[in-house]
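Same chain, two partners: chain A is paired with chain B first, then with chain C.
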Partner chain A sequence: MDNIVEVRDLCVTFKTSEGSVYAVSNVNLDLAEGKTLALLGESGSGKSVTMKSLMRLHPPHKTQITGSIHVAGRDVLALGNRELSDLRGKDIAMVFQEPMLAFDPVFKVGDQIAEVVMRHEGCSYEAGRDRALEMMECVHIPSPRKRLDAYPHEMSGGMRQRAMIALALACRPTVLLADEPTTALDATVQIQVLLLLRELQREFGMSMIFVTHDVGVAIEVADEIAVMYGGRIVEQGPVDQVMTDPWHPYTQGLLGATVYPNMDPATRLVSIPGAPPQLYRQITECAFAPRCPHATDECHQPLPPPTQTDQRMARCIRLPEVAGALPRASVLPQ
Partner chain B sequence: MTAFLQVEGLQKYFPIGKNFLGRPTQVVKAVEDVSFATERGKTLGIVGESGCGKSTTARLLMDLSPPDQGRITIDGQAYGKGAGRKPITALRKRMQMVFQDSYASLNARLTIEESIAFGPKINGASDREASTKARDLLDRVGLDPDNFIRRYPHELSGGQRQRVNIARALAIDPEIVILDEAVSALDKSVQAQVLNLLADLKAEFDLTYLFISHDLNVVQYVSDDVIVMYLGQVVESGPAQAMYSTPAHPYTAALLSALPALHPKDRKTRAPLEGDPPNPISPPSGCRFHPRCPFAEPMCAETVPPLADIGGGRHVACHMRVPGSGYPEVRPIVTVAPSPTA
Partner chain C sequence: MQTTPKSANALKAADGGKIATKSRGYWATVWLSLSRDPISIVCASILVLLVLIAILAPAIAPYSPSQGAMVDRLLPIGSPGHPLGTDELGRDMLTRLMYGGRMSLLMGILPVFVAFAIGTSLGLMAGFFGGWVNTLVMRTTDVFFAFPAVLLAIAISGALGPGLGNSMFALTLVFIPPIARVAESVTTRVRLLDFVDAARASGANSLTIVRVHVFNNVMGVVFIYATSLVSVCMILAAGLSFLGLGVKPPTAEWGLMLNTLRQSIYVQPWVSVLPGFMIFTTSLCFNLLSDGLRGAMDLKR
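Right, the complex of A and B next:
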């Protein structure tokens, strides 16, 4: 098995006072070693839930997870608590949009990184601090030795983001999950962090899943892209192919709705009417049907298996007819 | 000849921290000597990184916070303190604002109708007139009045709430609408709907927009003219297309080349700037951009570059662009290519 991450038929359902929320349905993912997969989708489409499932971070009593998840050859859904905490940080680690979630505000950054290393590798405090320093250098934090003793709130936004990456990578995980780590950053800082992640990935031979709602960010970092809508992956494939020749009407709509540099102000944006679906029932038909310009009666029937080629997948019954149908789909350079 | 909307020398310092005498120990120079102008029916974009003073500028214009200094003129009528000026509160009838957070800017206890009708009522409309206006505007922003008029803000999606905010801003027939990150929190598919709507409304009601955003692509798409702010000051201003194709200020150039690529083969290999934007509490001396500027010369740390006219309606605050400034090798506008285009 060459894939470092393999997800099969993942379904995640939350029990809430308002009934079940079908957050993720029938998700399949394959991540090859050393590669980056971007999960692209709008708010509420299930990106973060998918990521948290890979680390089993959901509240156990309120969450029902079915399907299978393998990370670095381990069956994640079958792991006990001890093995789980072993897995987290060592095989798979996560960075978030908000670094303050990853750090405890009352402890020094250097000590928090050292603590993780000590816990996973059973080393001394000194060895942990040495690793912390090494990691702070790796992520290009200026005056790293001094910053080891800084508290999280004493760092600027960009620096905290780097420190969080240092924390996540301290035990050299084989897989890094990055959940919108640059969304809250300014443009000039965002590109620094994206370049840093790419560099570290090469250096450490890591695999990465990168969640974003920004097409440009996905193009900067990813080899493969998976587009999520209503809890399902609706399209997947190599990033250049999906971005230049989107098959699924939702992907086409998303690209048409995005404003690109040097667009003629007289061009109207392709707007997708309506809003994403509520997930209070299990959607077996195409979740995009209420907003899709190509929808017909058969689109409201349960969806058959997706269209699959060697490299690409799309979940639309009107393929190949509707592939490349929107005029703006050709906006990206071929 | 003055422009339709003219803003001159706007300034706002926020005192922060207190010593034992209760005196502020520091000031945040949030907005300093900000001037700009725009014509009726145009869109003026305002860009810059977080904390550079965009929202403070908007709040000063709307009188949500009093400026320390500055002068605002609409159609030749001056507003503010001083002889011959109307009180700045009178501005609000001519200027309205839509904020980023669609939820916080609506009163949770008012129905959609009450929220939209509020402005017309306090401006003397009868209940009936105000209600008719609310229905008309809801229809105009693409929300079926019968379906939405009695709902509360929490019963709407983010995009629908932002449409209500736009309807509410238009309810007192303003001439100028300030859009402060008004589409930034929306998903792309919904953002496109709202941007199309804003374009239609602008044409229909002959509106003038101040469009504040950190999204450079959206600003280029909607704006006639753009101003770029850095640490409370305007560093460049001018027609959007000229500025985007040949940025004059090194900071503008850096912002544009920080935009993510459109094709994997054009991926960035180098970040245009290192480090985070510095703090407006103790901004750098001379040119505030000098610690991050790849073209900085010793004089840049000492002398403040004025916002100089470089022709074509463009202004830039950079010694490198101004003959006679003392900069060793004054250069014409560099063509730092923005992200590749379709």
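Right, the complex of A and C next:
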């Protein structure tokens, strides 16, 4: 298999006391080795849910997952608990959004990294600590030896996120899932962490899935991009093509609301009116139609299969007319 | 808890003998912060002293605790040969207070300790597994909450009959529900924090998560709560003995001594309140120490 991650027809449904929530519907993803895929979308669009499904982190008795997920050649949905624990952290690791909450406050950072290494490689505590030190150097934490014995609250936000990355990469995973890793950081630290992730990805030859709601961040790190809305992927393709020539009205709307370098100061940013849909029912028509400037009656009919070319995919019934309707220049850095 | 010496060795090995910074372990940090608090230090010293006296009572007590002299009954404090006077049967008060400390401290600490072990396990289980396990454990503890602690202790000891073992059993039973409830509420909170997900994403199974991550985060809070219960337990134990449900005469125990000296309060008031004073001092020290411990164990301060 060429693809390290293959997701087919993934549907995730949560059972809540108020009924089912159709958080993710019919998601297909492919990720080649060494590439980065960005999942772009606003809050509640199903990005994080898709991501957590790849590791099956959802509470099993409240979640229904259908479809198929293959990571590193293994069928994630068919694994038993034991095999699943072996997979997590070893083949597929995750960087969380809020590094303060993702570290256990009562253990030293170095020990937490060592613990993961000991768990997966069965090595001694000393060897785990050595690896932790090596990883802390890899992520450019200043005076790493000293930081091994720091508690999470004794580190700054940026440093904590670096340590989180060190933890995720400690067992050399083949796939790294990054769940908005830069959202909790301020702008200057954000770019450092992004560059670091890109550098480490190249160094370790990992594949990466990167969840973000920031178009700029997605352009910065990704090779491929998948735009999610209402639990579905509405547009997918190589990042330069999608960003220069967005097909789906939602992607166009996102780009129209984004600041980019060298933009004309007189340009008005266009916001998308309305709010994302509630997912308490299975949405078969276009979920974006109520907010779409191009919507017509046919948009409220059930969606036909997505328009697909070699590299790109978009899910819009009026695609031929609306593609290329982006009102302004590209946001890609020249 | 993770061991510090090991990590120090690892560093030493990696650094060719030079350690960049000497790191302190968790308990060393707690100890350092505790030692800066004068109230905690005074209370800890008093408690250590009391425990030492209790342990060494047979060696250092001037008399036998049950040997009395009818002619020397109810001597005042400062009498020659009896610095703290004598009780209503002419037994030396100093000796009896020393011996009484053994019983009182035992009855104050042991039930809380056992309740701590059982209550924490129950609470962890209830909090982590949720669902029907939670309902079963927590609703059962709710039944115990229907009765005031004192009444419950009296009822259980009364039903089982007087005696040291029975009263300790009763006290243990009284303290399990509050400890379980605290452990459960902390577990429920900790379980939903991101680092539990993060641990799972790093390949930890449920057992590891409960044993390492949840347990260590819950432990501190419950431990502090349990230390504050020691003083309550001592007072309850003294109360049981006072009512004749705890240890039996002629065993020396502060609560029981308070009871038997009660009739002599108009004859020798200062001697009569001595056991009460001991109970008061000990429980105050436990309370203040647990307060200090709460501050010291909070790493983020």
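Basically, the second predicted complex is superposed on the first by the 320 of 334 C-alpha atoms of A that agree within 3 Å, B and C clash if a C-alpha of one lies under 4 Å from a C-alpha of the other, contacts with A are read in each partner's own complex, and residues count from 1 in each chain.
We adopt the following convention: contacts are C-beta pairs under 8 Å (C-beta built on N, C-alpha and C of every residue); 3 or more make two chains touch, one makes a residue touch a chain.
All figures in this text were calculated on a predicted structure; none of them were measured in a lab.
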{"item": "Side-by-side fit of chain B and chain C on chain A, or clash", "value": "fit"}
{"item": "Partner chain(s) touched by A:Ala78 [first = chain B, second = chain C, both, neither]", "value": "neither"}
{"item": "Superposed model, angle subtended at chain A by chain C and chain B (C-alpha, nearest 10 degrees)", "value": "80"}
{"item": "Which superposed partner A:Asp111 touches (first chain B, second chain C, both, neither)", "value": "second"}
{"item": "Touching partner for A:Asp240 - first (chain B), second (chain C), both, neither", "value": "first"}
{"item": "Touched partner set for A:Glu220, first chain B, second chain C, both or neither", "value": "first"}
{"item": "Overlay on shared chain A, then closest C-alpha pair between chain B and chain C (Å)", "value": "9"}
{"item": "Touching both chain B and chain C, residues of chain A", "value": "none"}
{"item": "Chain C-touching residues of chain A, taken from the complex the two chains share", "value": "55, 57, 81-82, 85-90, 93-94, 96, 98, 101-108, 110-111, 115-116, 119-120, 125-126, 129-130, 133, 143, 145-146, 148-149, 151, 153, 167-168"}
{"item": "Chain C residues touching chain A - in the complex, by the definition given at the top", "value": "2, 6-7, 9-11, 13-15, 20-21, 23, 26, 193-195, 197-205, 208, 212-213, 216-217, 220, 299-300"}
{"item": "Complex contact set, residues of chain A against chain B", "value": "42-43, 142, 156-159, 186-192, 194-195, 213-217, 219-220, 239-240, 243-244, 253-254, 256-263, 265, 268-273, 275-276, 291, 331-333"}
{"item": "Chain B residues within the chain A interface of the complex", "value": "49-50, 157, 159-160, 187-193, 195-196, 199, 214-218, 220-222, 244, 254-255, 258-277, 338-342"}
